[in-house]
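Order as written gives the chain letters A, B, C and D; numbering starts at 1 within each chain.
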Amino acid sequence: MASKNNNVEQERSREDSGFGTRATSTTARLIRSDGSFNVRKLNQSFESQLNIYHRLINMHWIRFGLFILLFYFLLNLLFAAIYYYIGVEHLEGISTNHGMNAFWEAFFFSSQTLTTVGYGKISPEGYLTSFVAALEALIGLMTFAIMTGLLYGRFSKPNPRIRYSERALIAPYLDITGFMFRMANEKTNQLMDVEVNIIFTRNEEVKGEIKRKYYTLPLERNKIKYMATDWTVVHPITTDSILFNETPESLEASDGEFMISVQATNDTMSDPVHSQKSYMYNELVWGAKFVPLLEAVNGEYRIDLSKVGKFELSSLT
Amino acid sequence: MASKNNNVEQERSREDSGFGTRATSTTARLIRSDGSFNVRKLNQSFESQLNIYHRLINMHWIRFGLFILLFYFLLNLLFAAIYYYIGVEHLEGISTNHGMNAFWEAFFFSSQTLTTVGYGKISPEGYLTSFVAALEALIGLMTFAIMTGLLYGRFSKPNPRIRYSERALIAPYLDITGFMFRMANEKTNQLMDVEVNIIFTRNEEVKGEIKRKYYTLPLERNKIKYMATDWTVVHPITTDSILFNETPESLEASDGEFMISVQATNDTMSDPVHSQKSYMYNELVWGAKFVPLLEAVNGEYRIDLSKVGKFELSSLT
Amino acid sequence: MASKNNNVEQERSREDSGFGTRATSTTARLIRSDGSFNVRKLNQSFESQLNIYHRLINMHWIRFGLFILLFYFLLNLLFAAIYYYIGVEHLEGISTNHGMNAFWEAFFFSSQTLTTVGYGKISPEGYLTSFVAALEALIGLMTFAIMTGLLYGRFSKPNPRIRYSERALIAPYLDITGFMFRMANEKTNQLMDVEVNIIFTRNEEVKGEIKRKYYTLPLERNKIKYMATDWTVVHPITTDSILFNETPESLEASDGEFMISVQATNDTMSDPVHSQKSYMYNELVWGAKFVPLLEAVNGEYRIDLSKVGKFELSSLT
Amino acid sequence: MASKNNNVEQERSREDSGFGTRATSTTARLIRSDGSFNVRKLNQSFESQLNIYHRLINMHWIRFGLFILLFYFLLNLLFAAIYYYIGVEHLEGISTNHGMNAFWEAFFFSSQTLTTVGYGKISPEGYLTSFVAALEALIGLMTFAIMTGLLYGRFSKPNPRIRYSERALIAPYLDITGFMFRMANEKTNQLMDVEVNIIFTRNEEVKGEIKRKYYTLPLERNKIKYMATDWTVVHPITTDSILFNETPESLEASDGEFMISVQATNDTMSDPVHSQKSYMYNELVWGAKFVPLLEAVNGEYRIDLSKVGKFELSSLT
């Protein structure tokens, strides 16, 4: 009876990042270098797959701009076709004597209705065209309402721009060595109550079966009040560290990966922000240390963001 | 004197989900299968009962669209009636020689005012009509402002789409059995710091009176850092588990229900999300286990969301 | 030396709600019955005193509507005066032959510009009028942008409507008595993770000086997972309770007040909500208990909100 | 081996605000008097440096208004130039017989298009001008959508206005002395769950090297439920306080600075707010105490905000 509880306790104390023990592929990293998860979902519902809000919020600004332009063009094209189909004679004021095609006149009328400019040189006439124009103006307003929300969402989205060192280092630390990476906030706003969590994961053979294991690395300090400058996060490789006997070769053999997660409070809107990062075994440098960044010049402190990843070789003890 | 304190301490240690001991009906579940609470409030104040924002935010998109269309139509009808009542001769530019009814001309003028298109072919004339049109344009802008907010609220509403297994299982777990259900995030965004809480509730006879009792089930793990893949939540049925001697029959007799609550952080906007679920005694399968989901294909992991609820029969020890 | 630290430790263990020991007036309660603080600030900066956003967000809907109407009317009046002063001959299309006053024509032109309807029957002409009209349209858009934000803020403002019992009771509880009040969520949305805190405060004589003292009352339970139904919050008056020897007379003599604060998570937007309430010594009923609310009818539970405060007399032990 | 772990433990217990041990400049304070960090970032990416949203949200209202006016003027100028370049003959309705310059007519047409007023006296004609006008209306709507979001962001930004005493005091406290400062909420809204943290930092010589050290000061109380009135935050200078043997001279010599951080919940929107403040060694007054603020008048309490920093001299023990 007691043995049952032992098994449960042992399983309970096993750490898990949420990927489980079956994620043992040596060709697939768990977190991509940019912080996104290397997982694809199959058979999402159409609505979930689309997830328009999520996509439009996270799309690059240039793509977002082009998307709006295209959407505007196509919507006007659609309404122009409808007006044209109903009959351009119901668009009072159309004058083909300027040499403009009636379809394009309908197109520009549509754009004037959709944006609610409504110059009025052209105006709808007859039930059907008037009705379509009334509908188009409503659709324009609704679309624009959605845009407003999207643009606000894009702007207010709490996306921290944390610049991580490209490499993590196995560096001298006090009189031992430590696993280290460095980061700094690229933006002008401030990050407060910054907390870091490092999960080291590798494949292990358990009773002849390859299983993925996870270990939270104890850090020199895992929380700072302000990240006003840069922060070198350190896991001291003491004798009881899971990394104590690791070598570049052993890490490669066990497909070692360091999953970093950072959370903080952004002071602009006092909102929580998150950031992920991952270092694979081949993104480590053994025997190097980061070059200091902080300088005091003319009564103010300065850090050079371009040097966040800068390190110099340094022999290990 | 000491006995008094004992009673207080005993009552204090009694768990309660918030439904209390009197919720003993065997025909009414506490949480519906979709996660909503099976409670109706009587004598709400009119304002609370209406709670327009809550309703419009949670309404299905199709109903929301129809609601807007209807609202737009009725508002224009109302203003058309007002303009008509004042006299259509005060709408300069109305031409009935196109065969259009003056009322509908007023209707379309109203729509052009409400949306602020204002083509100007028809324009108000005289104090009363001008005044009503000025008011209508303001109402249009305000309505539209509310729409903007509503649409933003709908989009940014943190509604997690967690797909739960349809059934909870009593499955083999290590060398004992466990109460299990499985879930996965249906959306493309990520859920972090996911925490699960299971309250098991049943009716018990206390001194000849039926009372509802609540027990928080200890879990194998109740929090994971990332829910990048699926998660099978397990309550190990150890010898000290409240479920240790339960059978399908005993659960039915005591009206057993498992109240699940999940909370997590959505990474799109770093906002907290909540989800509820409930399994009644008759939504359990005794002697079955979930089929694994995670696969590694071409350097990435995959999960098939359609198989979240898939299980196979498996004899219990 | 040791005595110094004793004093510090004693002061450190003294509880304080934030009002301090000097708030000893027997005519001024600390928290008003509606939950607001009974404190007026003098010499606020003009900007802080105005705090337009806070006011417009919290104003009653009817006052808010009237405020907008008045603002719209006055803004149009202002611009009408400007156009009139520049000269109505610069408003092309004004026709006084309908018997309308030129000033009011300018007023309606202003409203058409401010709302961006712009029918165009009247249009600006000349540099100055054109410039003012261009400015007015911008101001209209900006004002409207602010309105949109305000309306969204009003709607999305997390204002819980918790209905509190009008009276707090000293009621029989197990085999002793307890201080109790009851509350329920009036709205249709759900409150989760509801937490209650009661601070009892009274005047005490310390070394011949009247000082206000604060005591957090230990509760039967101070947190529930869901407030799906009603919740009777209980402070058991055990022998070590600060209320153990209190009588209606002693509470009045010491100006006793119970400061209630409730915090919870609203499930519509997963946002935190707060609510305050206060019971003065004369809002207590000694020897009464609340009438149960929860009923199961037709497979669902029901609570009658109008009975939240309903109690019946009941003798105390 | 044991010594290695000792070093690690010692380093782990060293406090750090996030500025690190190298911030030892005696001419540069860490936090400016207004609460901002005295750190400049070099080589920010263009996008991060710009950080338009952050800037526009935090800009002063007057500058923000001027920015919008300028932006509007320049955008209209640009489009006027485009219309002029295409040819003003494509702007139907332009009448130069009023003596207005065709360029300025184009400018005003542009403003009517951008704001979607669209009077229609002037309207675009021909493919190119019509196309540009259609684009301008879209740009106008998008710009306005961004404005709406910005204005909402500005209004809803949780910026607490905490008035701090200009000076921190070394004042009599019980039978010892204490480091104190006073603060009050300048706004009409309420701050709840207010928490204060004071880090004292100074330069220390460690093995012949100047390093910056950080010490969190234990407070009389570091959290209050409501900041309804004023709050004098006190660090009692007990015999084990880091300040016990400090003098004005020693603080100056070690470049002493007190970094204050306050966090609270704003009751208007239930959102978290943060505020920073710093007192340098030369912003301390030795031997003074704050003058009490709270008064009860006509059944309400009052505090005079202009006296938050008011102190009177008082000899220390």
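Keep this in mind: a contact is a pair of C-beta atoms (placed from the backbone, for glycine too) under 8 Å apart; a residue touches a chain by one contact, two chains touch by 3 or more.
Quick caveat: nothing in here was measured; it's all calculated off a predicted structure.
Interface equivalence for A-D, evaluated over B-C, B-D or A-C, points to B-C, where over half of the contact pairs coincide by residue number. Taking B-D and A-B together, the chain pair joined by more C-beta contacts is A-B. In terms of their C-alpha centroids, the spacing between subunit B and subunit D amounts to 37 Å. With centres set at the average Cα position, the gap from subunit A to subunit B is 26 Å. Under the contact definition stated at the top, the residues of subunit A that touch 2 or more other chains are 112, 116-120, 148, 152. Looking at the complex, you find that subunit B touches subunit C at residues 1, 3-5, 7-8, 11-12, 16-20, 22-25, 27-28, 30, 37-45, 48-49, 51, 53-55, 57-58, 92, 112-113, 116-120, 122-127, 130-131, 133-134, 137-138, 140-142, 145-146, 148-150, 152-153, 157-158, 197, 199, 261, 271-274. Of all residues in subunit D, those touching subunit B in their complex are 116, 118-120, 148. On the side of subunit B, the complex with subunit A involves touching residues 68-69, 72, 76, 98, 100, 104, 108, 111-112, 115-121, 144, 147-148, 151-152, 155-156, 161, 174-176, 184, 186-190, 192, 194, 220-221, 224-229, 231, 236, 238-239, 265, 267-270, 292, 294, 296, 299-307.
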